[in-house]
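For clarity, chains are labelled A, B, C and D in written order, and residue numbers in each chain start from 1.
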Amino acid sequence: MMAAFLDMGGYAAFVWPAWLLSAAILVAVSVSSVRRLRALERELAEAEGGRDPHS
Amino acid sequence: MNWHRYASPANFKRLSDRLLPWAAGGAALFLAAGVWSGLVVSPADYQQGETVRIMYVHVPAAWMSMFVYANMAVAAAAALVWRHPLAEVAGRAIAPVGAAFTFLCLVTGSLWGKPMWGTWWVWDARLTSVLILFFVYLAYMALNAAFDEPERGARASAVLALVGAINLPVIKFSVDWWNTLHQPASVTRLDAPAIDPSMLAPLLAMAIGFTLFFVAVAFVRIRAELVERRLEALRHARVAGEAAAERT
Amino acid sequence: MSAALALVARDVRLALRTPAETLTILAFFVIAATLFAFGIGPEPQALARVATGIVWVVALLACLISLDRLFQAEADDGSLDQLVLAPAPLELLVLAKCLAQWLTTALPLVVVSPLVATMLQLSPHGYATLLASLLLGTPSLTLFGAVGAALAVGARKGGALLALIVLPLYVPVLIFAVAAVEASIAGLSPRPHLFLLAGLAVFALTLAPFAASAALRQASE
Amino acid sequence: MESTPTAGLEGRALACRRGGRTVFRALDLAAAPGDLLVLRGANGTGKSSLLRLLAGLLAPSDGRLAWDGEAVDEDPAAHRRRVAYVGHNDALKPTLTLAEHMRFHAALRAVPGDACAAALDAFGLGALAGVPARFLSQGQRRRAALARLVAAPAALWLLDEPTNGLDAASVEALARAVARHRASGGIVVAATHLEFAGASARTLTLGAA
């Protein structure tokens, strides 16, 4: 049964890349966004920590 | 109602901390349901066979490419008309996400078209319109990054977002016109088959999943933009501070 | 109103004082078309089939590359401030700039287009409609191009930025224009396509001045 | 009953954000007809930004700018009619002659015919009317910009370093023009280091905080 599922009626070469690309894009967008936010917040903490943050 | 208070990173952080978990959790839930129903439960199409499963990512991606652009156009209007600081930042933050969905729509469209027509790219009216929308996203991001001063880039690209929003229907109409003119009888439109209920469920699940994903990522990216804007201001202040120190 | 007419007169005089700029655009138009001939081959039937598309795409690109100095030159020498501060509405002055640009660039392109069409073996039935489509289509190219040029004022020098902004807006113009010429070549009436082209020109006429003015006001902040 | 609205230009708690930073904040200024307000302050303290703000090129991020008591942004076209702004560069097209520049300026600002010739003579440019701008020196280019300023029927003159590149005689000509403009009830706001102002000039120093 598993083989049939993976084979996708002979269209495995099209269905799986489509879904895998979707997953890849979702992961790439979310990871890059979160990592960017963390890095910037760390940088802000240093910048504001170093001096008294005004208004 | 003073929206301005959300423009400061701290306030916006509180807002996003409350809503982000719900959006991210919802997205995970709906995407899981979509994958399960799309790949396993729903039947193959009597005509297209298993390739119809590509539709469950292709069509939601198309919807998202337009939904994100609509958000950008609204943010652009808010930025230009009310000079709202949050709106200026939002456009720049979500454009790459919209472009990513548009790219996904194009590639999955090509993967869907290949088994049916034997070519990787079909000049189908809708696919071509999505291609042009992709160019508009690229133009928006290029213009946004083309100025030394981020605020100048944000406002210039906001004008482009609105000009794009007004022109997209005209472009869509002209592409449809062009498509019907050159319509060889044999190539049927790249149409989703008549959606029967069992296929609607995964489609909606994926669409809602993508939308909630977009909301979650938008919160994260807008927060990042606000923090970056704050850093920019601190750097300016330090430079101005130095200049003042030199003068005394 | 006299301010706008004075601006058209000034810009046309400026263009006549430096004819090299216009001639360069025309040279580009002809050379780019010949490149397609080298690419597709000299065989008349092959060229004739794609002639309309090539003439129009190359005319469109020639119009595009003539636009990046439209407002940047004004910004560089300080004239942009004076235009933005003029009592006359900026939208009217933008229209004047576009009219002058159309007269000094697009019109010469239209005049030269039969030469290029002949080189590309365009069918004789297409010439009249080609000229009509260029006359009706180039105003939209100039107006939408002006929006792109205004948005790019002060941007870091990126040659392709203007093209990336403006080319999506050029798609409807190209589609309707080429459809008109192809229709008349096929013996059908080009009128529906030409009407759409004219409609597009009116659409551009109403949208572009406001978008370009908004961009210019931002540029002079 | 609100006091009679103060004639001329009045700015209250003006703030300006430019290039991502606050150039100045909570700035008050007033200039009645006949006044000359000189802006002092080091580079980068916002002199040019303030002038562009007063001209209406730059919207204040806070505060209120009024003319004869009425907010300026209520009738931008009227404000544009009353402002003559001379920035850092001189708005000259190399291939156009001075006369052509003046004729265009006249059409743009609805300047009466004879005023152009008089303005050129006032700055000693009468003889150069037929000369294309690319032949002019830095000082002559500056005087061409000031000639167009003088010709325009504008109540509010906004001058950004007007004396850059001017020789003594031209500075003198500018001083006379400013005096004449003030005498006729005009207002001049200028960012400059020179003491060309002569009598009764008020000073606003920026960046003093």
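A few comments on the model shown:
Keep this in mind: a residue touches a chain if its C-beta (ideal position, glycine included) is under 8 Å from a C-beta of that chain, and two chains touch if they have at least 3 such contacts.
Treat the numbers as computed from the prediction; the structure is a model and nothing was measured.
Touch-path distance (fewest steps) from subunit A to subunit C is 2. The chain with its Cα centre farthest from the Cα centre of subunit A is D. In terms of C-beta pairs in contact, C-D outnumbers the other of B-D and C-D.
Subunit B and subunit D have CA centres that are 46 Å apart.
Mean C-alpha position of subunit C lies 37 Å from that of subunit D. Taking each chain's centre as the average of its CA atoms, subunit B and subunit C sit 31 Å apart. Inter-chain centre distance (subunit A to subunit B, centres taken as mean C-alpha positions): 15 Å. Contact with two or more other chains is made by residues 237 of subunit B. For subunit C, the set of residues touching two or more other chains reads 221.
Annotation for subunit D: residues touching 2 or more other chains are 59. Taken pair by pair, the chains that touch are A-B, B-C, B-D, C-D. By the touch criterion given at the top, residues 19-21, 42, 44, 59, 207 of subunit D touch subunit B in their complex.
Against subunit D, in their complex, subunit C makes its touches with residues 2-3, 5-7, 9-10, 13-14, 17-18, 76-79, 81-89, 220-221.
The touching residues of subunit B, counted against subunit C in their complex, run 80, 132, 135-136, 138-139, 142-143, 146-148, 152, 155-156, 159-160, 162-164, 166-167, 170-171, 173-175, 177-178, 181. Those residues of subunit B whose C-beta lies close enough to touch subunit A in the complex are 9, 31, 35, 39-40, 44, 49-51, 53-54, 57-58, 61, 96-97, 100-101, 103-104, 107-108, 111-112, 114-115, 213, 216-217, 220-221, 223-224, 227-228, 230-231, 234-235, 237-238. Within the complex, the subunit C residues that touch subunit B are 147, 151-152, 154-156, 158, 160-161, 164-165, 167-169, 171-172, 175-176, 179, 196, 200, 203, 207, 211, 214-215, 218-219, 221.
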